[in-house]
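What follows are several structures.
Below are two complexes that have chain A in common, paired first with chain B and then with chain C.
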Partner chain A sequence: MKNAFRLNSIGAAAVRILFAAVAAFPIVFMLVSSLKPDQQIFGDMSSVAAFLPIGNISLDNYTAVFDRVPAARFLINSVGVSAVTVVLGIFVNSLCAFALSRMQVRGKKVVFTAILATLIVPFQTLALPLVWWVNQLPYFELNGFSLEISKGWLDTYQVQIIPFIANAFSIYLYHQYFESIPKELDEAARIDGAGWFKIYRQVVMPLAGPATATVAILTFLPAWNSYLWPLMVVQSEELRPVMIGIQYFFQLNVSWGEVMAYASLITVPVVVLFIAFQRSFINSIASSGVKG
Partner chain B sequence: MTTTQLPSRRPAVPAPGGTTPAAARRKRPRHLREQLSGWGMIAPAAVLLLAFVFLPAILGFGLAFTNARLISPRPVEFVGMDNFARLFTDPTFWRALLNVSYFAVVVVPVQSGLALAMALLINKKFRGVNFFRTVYFLPVVTSMVVVSLLWLFMYRKDGLINELLSTFSFGLIPGADWLNDPATAMPAIIALSIWQAAGFHMIIWLAGLQSISGELYEAAQLDGASRWHQFRYVTWPGLKHTRTLVLVTITIQALGLFDQVSVMTQGGPLDSTTTIIYEAVRSGFKQQETSYASAISLVFFVLVLLISAVQRYLTREKD
Partner chain C sequence: MNKRFTRILATSIAAAALMGSLAACGKGSASATSEGGNEITMWTHNAGNPDELAAIKAIVDKYNKSGDAKAQVKVQAFPQDSYNDSVVSAAAAGKLPCIVDIDGPNVPNWAWAKYLTPLKLSADLSKNLPSTVAKWEGETYAVGYYDVALAMLARTSDLKAAGVRVATVEKPWTKEEFQDALTKLKALGKWQYPLDMGTAGTGEWLPYAYSPLLQSFGGDLVNRDGFQSADGALNGDKAVEWAGWFRGLADQGFMAKKSGKDSTQDFLNNKSGIVYTGSWAADKARKALGKDLAVMPSVDLGNGPKIGGASWQWGVTSGCKNSEAAMDYLSYSLKPENIAAVAKATGTIPATDEAAALLPAFAEGGENRVFMELSRQQAVMRPETPAYPFIATEYGKAVQDILAGADAKTVLDKAVKAIDANIKSNGGYKN
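Here is the complex of A and B:
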């Protein structure tokens, strides 16, 4: 009995390690290759050296990347766009979920159903009419003391942000989480004379930390990774996000070391951020977030 | 009005610090204010979703029956079913439908199965559980565009995949030119797609696993149930809701295949990897035929709707 148990756990450990190796090997290969000259990448391919930072290691590929692509500008743009989307997304979606979950609002069932219905519309099918539509929207600009109104959002920062703030999945996650917070807390706060917004800000949101961590990551990832949308609506180099930089490598005689360096450059910040938040993220999703 | 719902929502729990009738008296004057603040809080998200999801969806629906182009001097005209007639006689569209079905038929069971296996492996706490959870999730935080570029490099004839295959099979498996051969291009894309996305569905499975009470397993162990019987009679029934969620999300994601194709093969070789969304973007964006692209999107949308409805029907609660 005991031996069988030990055998079982050794087997499980072996499978775990096998899965981890499969999950990690392309990423390790990418990071390691970004430090090697092309010739050595291909030379190392047939041995374990492909996964080890040995031989002629340098940051030359990274310097070359900054010469070829305005990488610093792209990084700043992506950080800005993603951060604003995440902050506004957390606020707007949690506020909506709060009212839907904890307040007596007429017609909220219909609204919630309509919001959840947007989950089945893949973004790619909306992208084309959306391009046409954002080009009709007015755009206000404060120029000195006069407010200028122009038409069309193409080639701006807000076209990369505003359509992605409200998100049905975030509202759903917050809603699920809010349902698990006792409603007696609201009742008590109301008797103390608190308004609804105060209850939202000072009672419910401080308790919803794990949901916020989850929503933050799930908003940040698509914002950072967006590719199709900026490709369609942002032409100016100084406004473009990191993923578009990949286009600069779609050409002949590409140096794969440089490609891997750029790929690492735009992946590592996300990985670091994820590792920093992963405990609260995975645990919150696993313990309360998504339940069919 | 809604006050009548209150007793049924919270039966017999008097408001803390007050008796029930007193609370009811206090509720009446704030009733309208609650409606107003409630709608005020819903409004920002609702307006944004209306403007950037519902409206473009309706717009796309309308454009599908016109001859609109992205930039065109001619006025937009209503053309009835012309776009659909053209679509259903286009062999590329049928090829795209076939490719996407092939992709979905393989990806849905394999990816959900692997994701469940991964979730089971890291469900219980053990030393290093966070390490494995993080590593399994790493591909998910990597952008699909980066992943596609990386695998494009690994799938080369002299690339890492061929080298690994030949090493582990001691040279028995000859290398393939994965993405340039119509027979292997789609399987190659399937493999990398599962690699990238399985971690996400692992998390959803994990959520379902964590919601199953530990007492059920203890009871099963007392009854002498084997590992397999515990899985079969405790875990599997406990994952009923999660199953539907995983099934529906993987299917929608599979049918929407786009990024990988766009970066790696552009639909080729010989249309063997083109997809419905790729065709929509190609005709709408590259060829500027907004109306034709809208028609493709509409067909796709109806397809997704039908399939998720069928799946929901098949996995409905049978009692």
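Here is the complex of A and C:
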């Protein structure tokens, strides 16, 4: 009996290891290949050596990445754009959801439905008209002591951030979470003299940690992976995000080792972030039934 | 909790301020894209290609420092794979720079879309390789420093072992010889597939690599008389014959329906006996194989061997406010020494004989001279019509369907129907 139980545990562990290995293989392959010269990457491809750091191992591909691409600048840009989008996204979307969930406003159901309806419109269909629109917007620039107004947001940081702050899915997520927080708490706070913003700030938001963690990750990932939009609106190299950088490697003769090194560099921050927020993220998914 | 929220807000404001200050730097440099003052901007597709970019920048620097410069030229580089998307977006927003580079076959489309203006250069283009000068409706819209050429690379030792002669520009393989060579190479038992045609390729590779084979059979992508229909050219008997032959290469086990991601690297790793690729792979292959490398022309499938013509070229946009300076720069950049410098940096075929004479590899007897001959003798321009991008997409889909086993006639008829409908819906792409 004891032996059967032990075999079962070993079997279960083996299955788990197998699934973990399947999930880890692409990442292991990427990391290992980033250390090998091209010829060896292709030579090892048909054997298990493709997943092992053996043979001619070096950091040459990483050095070459920095020679080919301003990788540090791209990383800083993406970190900045993603962080600001996440922070402002949490603030704006939670405020919107709070209003729709807590305030008695006429027509709020219509507004909420209209917001949700935008989820079915793919971004690709909006992209080109949006380029035209952002190019019509005024841009304020301080030049010495005078404020100069020019037209067009193309080739700026804000054009990579502002269109993505308001997000229907984040509003929906917060709205559903706020609905689960008892409204009696608001009433108690109101008796104590709190206004709407104080209730939002001191009562509702502190209880919405898991929703905030989910919104943070679900906002961060598309911001970090952003490719089509910056491709369309950013022309200067110094403003480009990391995902555009991967295209730098696809020349007539592709250096696959460098591709893998760059891919490793831009994957690490996402993995670190996921590990840091893993518990909250999984809790939130479990409680809201949302798939990432 | 209150403190925590305040911290989040403070972090947000700090992050926004950081991005604001970065934006100030970014916008400062970005404003250079506007064509104000005495500066013009030039976009190029070679971000990530440090050799070519350095050669282009060197020409620009020389021009900017010359006393005769009519404007200061500023270079902005984009990655090649996404370059067209960036240009189309900028055109939609009215933000194109003065000078752009363009993949040759797209020139008529960009000219038709009014992105480009006809060139008025002081440089003499009459001696350029024809495939480096892009014309549409009688006007020249773009000119390139170089071209590339398709060829087959093999190991002389393998061919010898199989008892197969090395094909030459003067005497390429016929269809029958090619079949015989593949049969003998396969019989050596060294490779699963003796031939690598780059069938994993996507995008422009598909029409660039495979439409010359179709043309060698006697078919074409479109009827070139007026470019109003593909009927008969792309779905006629010759085209169906080509499709059957191409698919047969896979059916007979000579090539993979989907090759590896990097055909050249697979060839160098001895995973194939012959690789169908471009002149850009030659230097890498020669470095690895030395004198064992055989550079052979494409196969003569009935109407002579054919390869695609035209590579990246330069044009001036129609909205450029200082087109005189843009034309002046382009004329300056076409000096033989500049063309030679770019061709040397990229390992491509220089556009003129004068430039070729400056490069030992491309001069008479040079190891890369063969590509210049191939380009001169076998290059066929991809159809010079604004419909080309659409035709190329449809043809690419047809190639993939044929390789996947679809009925060739049905697939080609479908492609013709789509192409003809597109041409009609665009009013025949008349100027």
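In this text, the second predicted complex is superposed on the first by the 267 of 292 C-alpha atoms of A that agree within 3 Å, B and C clash if a C-alpha of one lies under 4 Å from a C-alpha of the other, contacts with A are read in each partner's own complex, and residues count from 1 in each chain.
Methods note: a contact is a pair of C-beta atoms (placed from the backbone, for glycine too) under 8 Å apart; a residue touches a chain by one contact, two chains touch by 3 or more.
Keep in mind the model is a prediction, meaning the values are calculated, not measured.
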Overlay done on chain A, so just call it for chain B and chain C: clash or fit.
clash
Applying the touch criterion given at the start, work out whether A:T156 contacts chain B, chain C, both or neither, answering first, second, both or neither.
second
In the overlaid three-chain picture, which partner chain does A:W256 touch, first (chain B) or second (chain C), both, or neither?
both
Of the partners chain B and chain C, which touch A:P241 in the superposed model: first, second, both, neither?
neither
If you tally the residues of chain A touched by each partner, is the higher count for chain B or for chain C?
B
For A:M232, using the defined touch cut-off, is the partner it touches chain B, chain C, both, or neither? Pick first, second, both or neither.
both
Scan A:P210 for contacts with chain B and chain C and give back first, second, both or neither.
neither
Which superposed partner A:L128 touches (first chain B, second chain C, both, neither)
both
Classify the contacts of A:A99 with the two partner chains as first (chain B alone), second (chain C alone), both, or neither.
first
Check the residue A:F42 against both partner chains and state whether it touches chain B (first), chain C (second), both, or neither.
both
Which one hits chain B, of these parts of chain C: 258-266, 294-302 or 348-356?
258-266
From the superposed pair, tell me which chain A residues show up as contacts to chain B and also as contacts to chain C.
42, 128, 131-132, 228, 232, 249, 256
Could you please specify the touching residues of chain B with respect to chain A in the complex?
1-3, 5-6, 10, 13, 15-18, 31, 34-35, 37-39, 41-42, 44-46, 48-49, 51-57, 59-60, 63, 70, 117-118, 121-122, 130, 132-147, 149-151, 153-154, 158-160, 163, 166-167, 195, 199, 203-204, 206-208, 210-211, 227, 240-245, 252, 255-256, 258-259, 262-263, 277, 280-281, 284-285, 290, 293-294, 297-298, 300-301, 304-305, 308
Within the complex, chain C is touched by chain A residues 38-39, 42-43, 67-69, 76-77, 80-81, 83-84, 87-88, 90-91, 128, 131-132, 135, 139, 141-142, 152, 154-158, 161, 201-202, 205-206, 228, 231-233, 235-239, 244, 247-254, 256
Spell out the part of chain C that touches chain A in their complex, as residue ranges.
1-2, 4-5, 8-9, 11-12, 15-16, 18-20, 22-27, 29-30, 33, 43, 47-50, 76-82, 85-86, 89-90, 92-95, 260-262, 264-266, 268-269, 271, 278, 280-281, 284
Which positions of chain A touch chain B when the two form their complex?
8, 12, 15-16, 19-20, 22-24, 26-27, 29-30, 42, 45-46, 50, 92-93, 95-96, 98-100, 103-106, 108, 111, 115, 118, 120-122, 124-133, 162-166, 168, 171, 183-184, 187-188, 191, 195-197, 200, 221, 224-225, 227-228, 232, 243, 246, 249, 256, 259-260, 263, 266-267, 270-271, 274-275, 278-279, 282, 285-287, 289-292
